[in-house]
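In the two complexes that follow, chain A is the common piece, with chain B as its partner first and chain C second.
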Partner chain A sequence: MSPSVDFQGLSLAELARKTLADAAGDHPPTFPVIDASVHPRPRVDELREYLPKVWQGRRLPAGDRYYYPNPLGDSIRESFSDAGPPGSDPALASRLLFEEAGVDRAILTPLTLGLLPDGDLLAAICSATNEWLARTWLGEHNPHGRFSGTIRVTPTRPEAAVAEIEKWAGDPRFVQIGVPLQSLQLYGTSPFFPIWEAAARHNLPVLIHADAETGVELAPTPAGYLRHFLGFAAYNPINFVNHLTSFMVGGVLDRLPDLRLVFGDGGYDLCVPLMWRVDKDYRPMRPDVPWMKRLPSEYIGQHVRFIAHSMEGPDDAVLDEWLEMGGAKSTLMFGTNYPSWDFFHPSAAFAHVEPEGRERILATNAIELYGLSAREEN
Partner chain B sequence: MSRHVVCRVEDLPDGAHLIVDTGGRVGVGVYNIHGEYVAVRNLCPHAGAPLCRGILSGAPVSDSPHERSWAYDGEILKCPWHGWEFKLPEGITLTDPPIKVKTFPVIVEDGMLVVDMAPAARPSPPAQATAL
Partner chain C sequence: MSTLHDVSPETQASTDADVQVPIEVVDCDIHVNPKTGTELAGYLPEPWVGRGFRELLYGGGMLGTSVIFAPPNDGRRLDAFSEAGPPGSDPAFTSRQLFDEAGVDVAIIVPLTEKSSANPEHEAAMAAATNNWIASTWLTQYNGHGRYKGTIRVSTDPELAVAEIEKWADHPHFVQVMLNPYAGGAFGLPHYRPVYEAAIEHDLAVCTHVTLQRPGPALLTTLGAPSYFLENHVQFALLYAAHLTSMLCEGVFERYPDLRFTFSEGGYSWVLPLLWRLDRHWRELREETPGLQRLPSEYVRDQVSFTRQPVEEPSHLRHLARVIEWLGPKTLEFSTDYPHWDGDYNTRHGFVGVPPEVRAQILAGNAIEKYRLSPTRSGRHWSTF
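What follows is the complex of A and B.
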């Protein structure tokens, strides 16, 4: 499959402005880095093979962010190959991440074509995606054992989601479950509780990560659509606030002390002000939410992790203070977001943070959360 | 001035309280909580309100987001300014980490209630959860 020609004879790869080289910094870490955010993607023809017969012949959505095509290209240039769209080539990803970017291990989270009006179809796509991931990136393309995976489930079909968790929970290659950031209801409300209960029972963290757009989801802001990608990219991760507030105030974190939430699109920078706001009047308003037993900020360290995003954070001059405020050394994890345009390069990430704190963010916090054991060199 | 005679035992029935000037800045409220006596410093640890002017009530409690039950009836002192809830006789909030209002023991001597402002061994406040 050759890359399609898009404009003035240039391929999509040649039109992609962002490169791995642009993203690189001057401070390659001296310890093994855990990349908690890598997005493999099955080719559509590949995914079909894993769908049940009744769904195989159906047209599937493209899985792109088509309201907001990124003017710089959605993927880094190096991620394009003849094998298929960016993210579909495990050999290429292994080379770029492990050999060029200096990542040691990667947590794989395939996206699942966004919310679909037919939850049954989405549940089938999730199942097919998990089966595909288990056989390919976590199977034949994982001789190095550096890949761990995410069990994709659809919150719009809680019974199917729980069944999918039960199916894979015993497979140690899967280390978390994954759901879209987009949702028509807040995740702290009761329809979703069985999913979080199953995740907690199996000690699997729940990754909440923006998925593709299909037109079924709500607008990215409560006041509608921002006009341009820049506004969308800056704003959209903030939507974590909706779910996190709902999880706390809805008592989910009290009922499930083992539940762990990972917000995969960043947002750590907005977590501290959110805590100030919710903490402020929690005590007088406790009778209204008597199932909520703790000062909201107390839940963060126990239950919540953020994956750092290349777009957030202040200048180096106040970086340490900013990280200290939110307890970053225990709550923040690192992810490249490969193959996305906003690739966060380990050599540029938190380069001026003191060594112990940097290692916690780029490695230790993920090792602890996912219970990753030391990797044996093959 | 470490001991203050408050009133006769029968003058403070269950659920009643008296605010007593103990010579300090704010005084204390002396409460009968289902037969247990306690003196509460009349100063909310949150924002300095005269706590003992608040009502004595109960509190909704729950372990599930669609259920509420009434508990601690007559044991919850609600601050008149911001509604913070302190469970008596312990003097602690229902929230975690707990906040404690200063309390003093009340003893019965010759049929009288006496506040002991400097007890030999005062129970220490509960430890606050360590900041993360």
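What follows is the complex of A and C.
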């Protein structure tokens, strides 16, 4: 696949209008930052090599968003290289993240080409992606030990997902499970329970993150399709609410006290009012869900983490107050979302939050959740 | 809370017919019902009656059938049943509970008596039946005091909707139009423009209101089906967030600065983080949306409001006051949702830390301005009209 398809003389890199410099702020953190959201990407030809023979001839989508063209380009300009599409070059990513952006360690979550309707193919892609990640970014490109990984599984094939979790759970380089936000069925319903059970058994948090679009998803809002990228990009992450409430009312969090959910596209900002609402509703409607033992908001601290996103939340003037209102200083983690256009630069992130809270969000919460040990300097 | 018997109409009736009292509480969301389905079906227009659709559209009981989730008490306030009929069907009983007990001065009726229908012509016929019924009963026969105001129900087909608006536009007590939030697509889509234009031309506000979950596009989330009403009830906010996002991105408020739009019963505080998101995205991506000339939050502050019930109850009561402060005093309006199970009647509740003048705006001022209401009403007791 060509990294730079020419269009009227402009390469994709030149069409990418956002840069690392645009994203930078004036407050580089004085402590090691954990980036919980980096998206490496195998080239399609690379991925094919890891697929069993039976799948190698199948058509694979590019995994790009194209229904909503982004006027600023989908990736930051610096992430383009001759090695492949943005996110496919570990040396470049290491330089940009560790040297330029001041990240200390990164949790890698490759995307898996979206909600492919052939679940068997998707399960094979997940396995191939994990094998690829283990050998490359977590293997030969990880002499520094700064990369940790996400075990990708497809909830549309629960048995394959559990097998994949069992396969990698003993590998300390993998620190969580990853599933797409997109689904045709809410995650708190019973078909998915064995996956969450396996994750909890191995103390692996479950990251839920928006994946590529394939055309078989339900519409991105209950009122149908929005027609602008602006609206889609602002709205789509808040769909996490549907999965979160489903986990609660389905009793999954009561049955699995060790289950940890990580919402990877942001959403802490909306958690405050939504918990006010669902707490109020819980009291009268409890007879419908007698297995749900606690107020909905009480599950958040124990079970739920959010990865902060650059395009959400209030301005600095009230940010600290809003974080306090939602108890977010203990539930929020930081992620750059590399190589996405909305790169969240550590030097611009939570810069005016009091120092202890900032360090919790940019480092401590992730260290605790993922059990990251201290890194040796080399 | 007082019982019905504590309040005697005679003791409240003014002897001076000309005394005007200020309107201090406007209830922006009440629901009234016919005593029986047959009463409402009698207002269905032709050609549907002759073709046998009265039975098809209203037969088999009426409202509430085929609802898969049951809110507590089947969604109704248990003490709102009277001998005369189901909750919200007896004008004297309703007036006593709303005007005498809850202290409401003016109540805006949002009738939910129109079922969803796949055929927009059926929807238009049922909307016409509801409007005919309400116009002759709650807005006329029961409304000598003028304290009930009405909402024009319309079809999701814009042409049919405009025709229905034209029919009622000069009626003194219809003050707004309601759009169905489930069918017809996101409210920013251009096919709604004639509806907004008709409303503006006739100085009517526009609202949307969630309804019971009947067959049709109502329940499915973006990620699958909810299993319990508790989930669905929270998802009202996501439905309204989608409509609001659509209206902003498509430039509805830029195009129609006189449009006054209200989201009823879908919550309030979620609007704040949604607007933070939209403002941030607008700063980066506004080249994509020529219809959006200002920060999204600015349009909302000026032109959009949300009814308060079910009022949010943060554990720190002052947090709600902060949200009101951030969203602006015009964005919230008092509502009881009478006679439904989760109504809010207390005009003190939920105002901790809210300045008195903002509380007055939320209780009445915003609605008086939006609905062009007189700031006073007759001081005579409703039962003397």
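As a working rule, the second predicted complex is superposed on the first by the 371 of 378 C-alpha atoms of A that agree within 3 Å, B and C clash if a C-alpha of one lies under 4 Å from a C-alpha of the other, contacts with A are read in each partner's own complex, and residues count from 1 in each chain.
The working rule: contacts are C-beta pairs under 8 Å (C-beta built on N, C-alpha and C of every residue); 3 or more make two chains touch, one makes a residue touch a chain.
If you're wondering where the values come from, they're calculated on a predicted model, not measured in any experiment.
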| item | value |
| --- | --- |
| First (chain B), second (chain C), both or neither touched by A:Lys293 | first |
| First (chain B), second (chain C), both or neither touched by A:Ala348 | neither |
| First (chain B), second (chain C), both or neither touched by A:Pro284 | both |
| First, second, both or neither for A:Ser330, with chain B first and chain C second | first |
| Which partner, chain B or chain C, touches more chain A residues | C |
| First, second, both or neither for A:Pro273, with chain B first and chain C second | second |
| First (chain B), second (chain C), both or neither touched by A:Gly250 | both |
| First, second, both or neither for A:Gly301, with chain B first and chain C second | first |
| Chain C-contacting residues of chain A that also contact chain B | 250, 282, 284-285, 287 |
| Footprint of chain A on chain C - complex, ascending | 71-72, 181, 185-189, 220-231, 233-235, 237-239, 241-243, 245-246, 248-250, 267-270, 272-274, 276-278, 280-282, 284-289, 292, 310, 312-314, 316, 319, 322-323, 326, 341-342 |
| Sites on chain A touched by chain C in the complex | 70-72, 181-189, 217-231, 233-235, 238-239, 241-243, 245-246, 249-250, 269-270, 272-274, 276-282, 284-285, 287-289, 310-315, 318, 321, 325, 342 |
| Footprint of chain A on chain B - complex, ascending | 46, 59-66, 68, 82-85, 93-97, 99, 129, 132 |
| Touching residues (chain side chain A, partner chain B) in the complex | 190, 250-252, 254-255, 282-287, 290-291, 293-295, 297-298, 300-302, 327, 330 |
